[in-house]
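Here it is, the structure in full.
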């Protein structure tokens, strides 16, 4: 099971979350990644060095090295330590052709790709672009504390089935409202191979305890 | 075979092209559609009334009736006579979630959907959204007069195979550089069930002759 | 005073609203315009023919005649009868460079331009692009029935002052929540030379009565 | 005179350029800044520590701290050492309302803002949004090696005049094609208070020599 912690632009300390992730990753079979803002990526990479937890980027642009002011270049993210990246998060939606280009850009440098979508249909479409994984996240549940696995379990099962029909090699994650270990277990039982979460860890007073709670039941 | 004439924003007379299409449609097995700008849609519908040729829209927005200034509402396009619509043309690319919403909006009113993409991969992704057809158009060939069927026949065959793997009920069209009947035949032989073309008819001195040339070899 | 009725994508009958506008325009000093969807523009133009009311477009794209699928070309809007167009409405925001291009495109064909913005600052910026008018509309008041002139009269006065400092030849309109003649009078007293409104007329059971109420106190 | 070196997504070593900038800044009256990708910002800040050269960001998003995946938060850029940021570069154009929001976001954290535009008209509009500076850069000259000050000096003079008419407190920079000290002097003589440049330094074999050439004639 993959637990991907998206720090968004929360006013948290990304290094503290990374250190918590490094600690918790040592005691679990689950794979843990932390996705900070681009400007915090190297600091998170440093904090995770030598641990089993992994740095991720929140976004990658479909551009080559060169004249692309204000973009996130795959090579730079990889150089800053990212092993993978989110793409097309509901807070950073892209055009279809640009998601295609972003997956290609990530592939160019060996970054894993997790392409997000609102619905089973959208993640099935995303799966056709050849990412490593897709993540279904109903936007209306993001940040609510009501997990998608409880609010609408069909979304997860439908996404798993729809993606398998397009490309069975693409993993399916789910997100939105996930904050407890029970939510993670429920996601796994519905067929998800990973979860995306954010506020449950990023806004926690004790990120280490929050992460421990998330992976303990696995 | 479906011949879809996209008038773009060319300074042509859309009614004259529509009248030519109406004439030519009477003498061919091919299905012919004309896609004018939204503001010309009713005039084209009037010119095609009683003929076998069909009015199409160039774009539909993923919005419901209501507060959406400056958008193309599916209901209004249908009311103006459109039987279908292009979507995500390379000159009007959309976000993945909005293509999904646009297909749903078109379905709401019975409009056929032809979702465009640059590559076999992109039209396979589009096929997962449940349109009636997809159209693969390499942007670098648009307007060149070099047909995709000659410049890069693999693109058409790959698109047909990739879309069939996702949803065999979705038709595959191709476009870019198509201007002669031979190009249309070549597209059909590569597995396409339709072609998108624009300047070859819209900029022709004699649109009727241009359309006749296109469908005659079929 | 200019009363610009934006029909958005409301499920109203644009011809009926146009006929009401034609009637009411005959009995008032106020200038009245009706802005339907692009696909309804010719029908509204026909309904307004011979009257003092005027057809407007809701949006114009910064493109020349040619290869621009799914766009609103200034020449086509003018040919369909529009005398002017909205631009950058809060439901159809544009990039700064595209607003600049849209104003130029409209100028190319003699269309009047009304560039919208959320705040006095934004309409002052828009005024620097050389439109005929700008319209300040706080998005949070749109469709509320609470007029900007009552909810936040400073917005109108500040917009008038900020625009005058940039270019005194640019008219200032205001919008959001305007539905009565008192609202129009209040807008005029705050320095606005026009109002934008939508649901108050487009959703009225009797558009003629609604329009009459709006212009009567002027 | 302000010399702002935009590293874009060039495959250069941002730390080496920063070290060169630190050296050159010690021997000139000119203000020098280096704008790397977000993921390289902290490394550049470290390399510039204790020098007179300054770290800049290439882009800032109009978002508050919170739920904004894949965005550049002003607070994070400032925390990573940026003293200012570009905004609306021609390779990263924004909607008018978002430029307004980005300037506000930068102000929130004390970041200087340099809002770019293609034309004198666009930078005059940008000036109305209250940035510290605007930069006029004709996109067709970017990366050409033909400086705007030679290719079209009127653009610089017109921008200076247009911005002064809107807000005389806003500085005017120019960019596109600038690569020599003579180009910088010419820009200054046309009224610019700064220059934007990129490839001339980022792609130089010897960035220190390139920067020295740029500031020596000042």
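Order as written gives the chain letters A, B, C and D; numbering starts at 1 within each chain.
Going forward, a residue touches a chain if its C-beta (ideal position, glycine included) is under 8 Å from a C-beta of that chain, and two chains touch if they have at least 3 such contacts.
Just so it is clear, the model here is predicted, and its values are computed rather than measured.
Among the other chains, the CA centroid farthest from that of subunit C is the one of A. Put simply, subunit A has to spin 180° for its C-alpha atoms to lie on subunit C, with the angle rounded to a multiple of 5.
Centre-to-centre spacing of subunit A and subunit C amounts to 43 Å, using the average Cα coordinate of each chain. Note on chain placement: the centre of subunit B and the centre of subunit C lie 33 Å apart, centres being C-alpha means.
With each centre defined as the average position of its C-alpha atoms, the distance from subunit A to subunit B rounds to 37 Å. Contact with two or more other chains is made by residues 90 of subunit A. Contacting chain pairs in the structure are A-B, A-D, B-C, C-D. The part of subunit A that touches subunit D in the complex is made up of residues 6, 8-11, 37-43, 57-59, 63-73, 75-77, 79-80, 86, 89-92, 142-143, 198-199. Those residues of subunit D whose C-beta lies close enough to touch subunit C in the complex are 88, 90, 93-97, 99-100, 117-119, 121-122, 124-130, 162, 165-166.
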